[in-house]
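Listed next: structures, encoded as structure tokens.
Common to both upcoming complexes is chain A, partnered first by chain B, then by chain C.
Then we have the complex of A and B:
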């Protein structure tokens, strides 16, 4: 209760702002100079940074608990297994999956999508179609192209408009009896567009088409509830949500995972092996061949704990405010063309400045301590759609603040002067 | 000193005037703007250099025992780097080119100020120049 005796309403706009100063204190990497300037790290869509809590968890695991999982009778193996499986439970809770059997640890989003393409796609044929959108990251294009090459299936591409928004009606019109899977980004890495997956998924459900959501760019920015979404698969990477690299998650509905053949063979994914017959392990271990990335999973678990402490709703609100501030400040600069102006956006501002090459912008910004991404962002069809070779992309995290944006804007002003 | 050594020394002296990165880059950008126009019909896939983050087109031709290079980029900074390389290497004999390692790049402070991916672009240009020279011998 506050001083007036009223219980503060945490849902209204008077909600205390996220404590950015304290949060920044948790991230050692942010406190350094780059080329003599304070670092303004605005390349979070490529990879986020890790708080001390995640680094400590990994260090603690290796110093005290490491052994192989699922097989030893000794104490360390038990501890490692408990920590690894504990991380799986944290992931389950974080995305509200029904069961830990639906949480498969992978190397990342790309690996998760390849798993589905290889396993679910194994019985696809020349009569089948896979539907994606024009704004996909290459990792949600190429695995399907490989599958199409192997099986003769056809890849269908749902169009987008000049704002970088999915044309939902056209997308729905592309779904047919032939469609075996819809694979779509929740948030576009190149444009920041939030796709209307909550409208797309029920429409696919009506036609009995499973939906895979590439959540790599959504998971760091908003609360994800896979049961509420009712998606069949949800793929994401740890390193974009303050966890370690080399680990990610494939959420798959049990009914799908149960009928999917193993992706890779090896230890840990079997019940018994003989030269005549091998029996596969139960879910989710059937899809985790070999010694897993144990420390990675534990680090991801620590990242989830960290994000939970702040709260995804607070993060989403804070970032939305910062995105508005950044978009407005950048838009005021002369010669700016924003690429991706969807009504619903998260975390990303892609832009070009007159005919200054994005790499030139990136180089001049780097000299001023500002880290952004330049290029095609592994989404070359998006660049082709807008008729540009690439963009400069500033992407946000909850540890960024308005000073970072101001530093970016000042950096851009200098770049504009230099290339005039 | 040979002409090729003179041209390096000149560059090093020119760049000594600059005590900050902004002026240095400004000078490079200006040099790039003065590159001779690259014929549009030469901007072919065959003439495009790999290993550059920006697009770089590069051609070479022999003229009275000397190699002449022409190149351009859609990036202003890379075009400037091209201009720097052209000053040193274009219009020289293949042997002179091969005898001249690109040490001046360090001396004019471009290596430390260019990002690794930029350096890759620079490296692929240097490699293309040296490959053209080797092909003449």
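Then we have the complex of A and C:
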């Protein structure tokens, strides 16, 4: 059940090689008691935690190297610029982009998607269509609705099945001469479904339709190669991959970025300004108005270094094993209904227990030290599709282990005893 | 929340009983007043129906979906205000809402009867809105507010 379709052997003897004890030692936040119980942090799809290496990098930057970037001739400005641009190169390498000119720092995935909607969408008209799927996060729905309101373009929604899988043929059938963009989640935050983007993108390519992939939930779980995917845009957030909040990335193919108008105006995105005419800066700075989140980028770079030392392949294999273990343990409980049972899934288990409200589950679990997310997960159309107000969602990271899952299962047993 | 608060302070026996088998649950035909309440974050949705005899609440019911806390709060609310004057019900509702909203104030449980069991929710800031929703919806019905109320 991983990206390559291999089902890992979950027996103890063949557990993937990843030193979970050592890794857990890198995350200070994990070593605390919540309501008298050890913390089992299973809300990683909402936000991951940071290793000491990331915290140290941010502290070091502010203690030794901080100044504004791309501006001064003094030593600190030079150091800050080197560190900031160094982080951009780390991002480029991490997702295998051709050039750093294709790496735009944003506030996060939401900001990256809004950038594309605002800039690429500026010449959309009432004759145009934008295609998304039924399982999108609100951040990959609402920017397109705003664009449709502004331009008169139509939003088309590709359907899903009861397992929470994209109906690819229906999706392809919705692509037409009118389609200006396909925007789709790589991994669903509410269901864990891995969408078949490697099949969808070539089909869109045949029709000359650009594809934006919302990678927020995919980037922490598997190696991403934007050239192999051949996507036109790939958006993701630092805080879901052990980096700081408030920073994210828009990868955009140069051919698109260079013909897109600026998103926001301000300092750093210009070459020269006069009241008669302003010349915009080159890529990617044209899309980075104002003083950027320098420390955030440096923290993200440190997170990438950290993930690289473990290896995304090891992380994917370890998490696939843990997902199999967790899915099996949770499924054995009475009254469990899994929401999202796609054949291809990444680290998310969404479920309901009989008619116990997810928020009651969340409160009981919190008393056992277990942090999960409850509610609609910013994917209300998904909840409506399954006819439920929300779900309980446990989401995994490579620093989780089987004890976390066992603690979750014990907490669920207590909730079932209380509410039945 | 400190460790001495146990789950049983929140989910007291009477709270669980009311949530499992809510009283006065269902649509009230020929209702004189009704209002809808919605808590978008939780997905909780409920409708409160009132039948009047002059200015008195002859009958009250509610229907909808919600967590144990909001269902129990709604169920207890219907028992608490049935037969009372609208003005009394409204002032009691405001009193209860005020009590939930002030975690530091002493929970005036003595005169609340069964409703006192809901007091544990004050230790759970994220859950107070669940307990408050039915009461706000009742107030909306009494003031004949057409629009959906929300605790967000």
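Methods note: the second predicted complex is superposed on the first by the 404 of 420 C-alpha atoms of A that agree within 3 Å, B and C clash if a C-alpha of one lies under 4 Å from a C-alpha of the other, contacts with A are read in each partner's own complex, and residues count from 1 in each chain.
Just so it is clear, a contact is a pair of C-beta atoms (placed from the backbone, for glycine too) under 8 Å apart; a residue touches a chain by one contact, two chains touch by 3 or more.
Since the structure is predicted, the reported quantities are computational estimates derived from the model, not experimental observations.
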Clash or fit, chain B versus chain C on superposed chain A: clash
Chain B versus chain C as contact partner of A:418, first or second or both or neither: both
First, second, both or neither for A:376, with chain B first and chain C second: second
Partner chain(s) touched by A:387 [first = chain B, second = chain C, both, neither]: neither
Shared chain A contacts, counted only where both chain B and chain C touch the same residue: 35, 356-357, 359-360, 363-364, 367, 375, 389, 418-419
Residues of chain A touching chain B in the complex: 35, 356-357, 359-360, 362-364, 366-367, 374-375, 389, 414, 418-419
Residues of chain A that touch chain C when the two form their complex: 35-36, 356-360, 363-364, 367, 375-376, 383, 388-390, 418-419
Complex interface listing, chain B residues touching chain A: 21-22, 25-26, 29, 53-55, 74-78, 113-115, 117-118
Chain C - residues contacting chain A, complex: 1, 3, 6-7, 10-11, 16, 19-20, 41-45, 65-69, 124, 127, 130
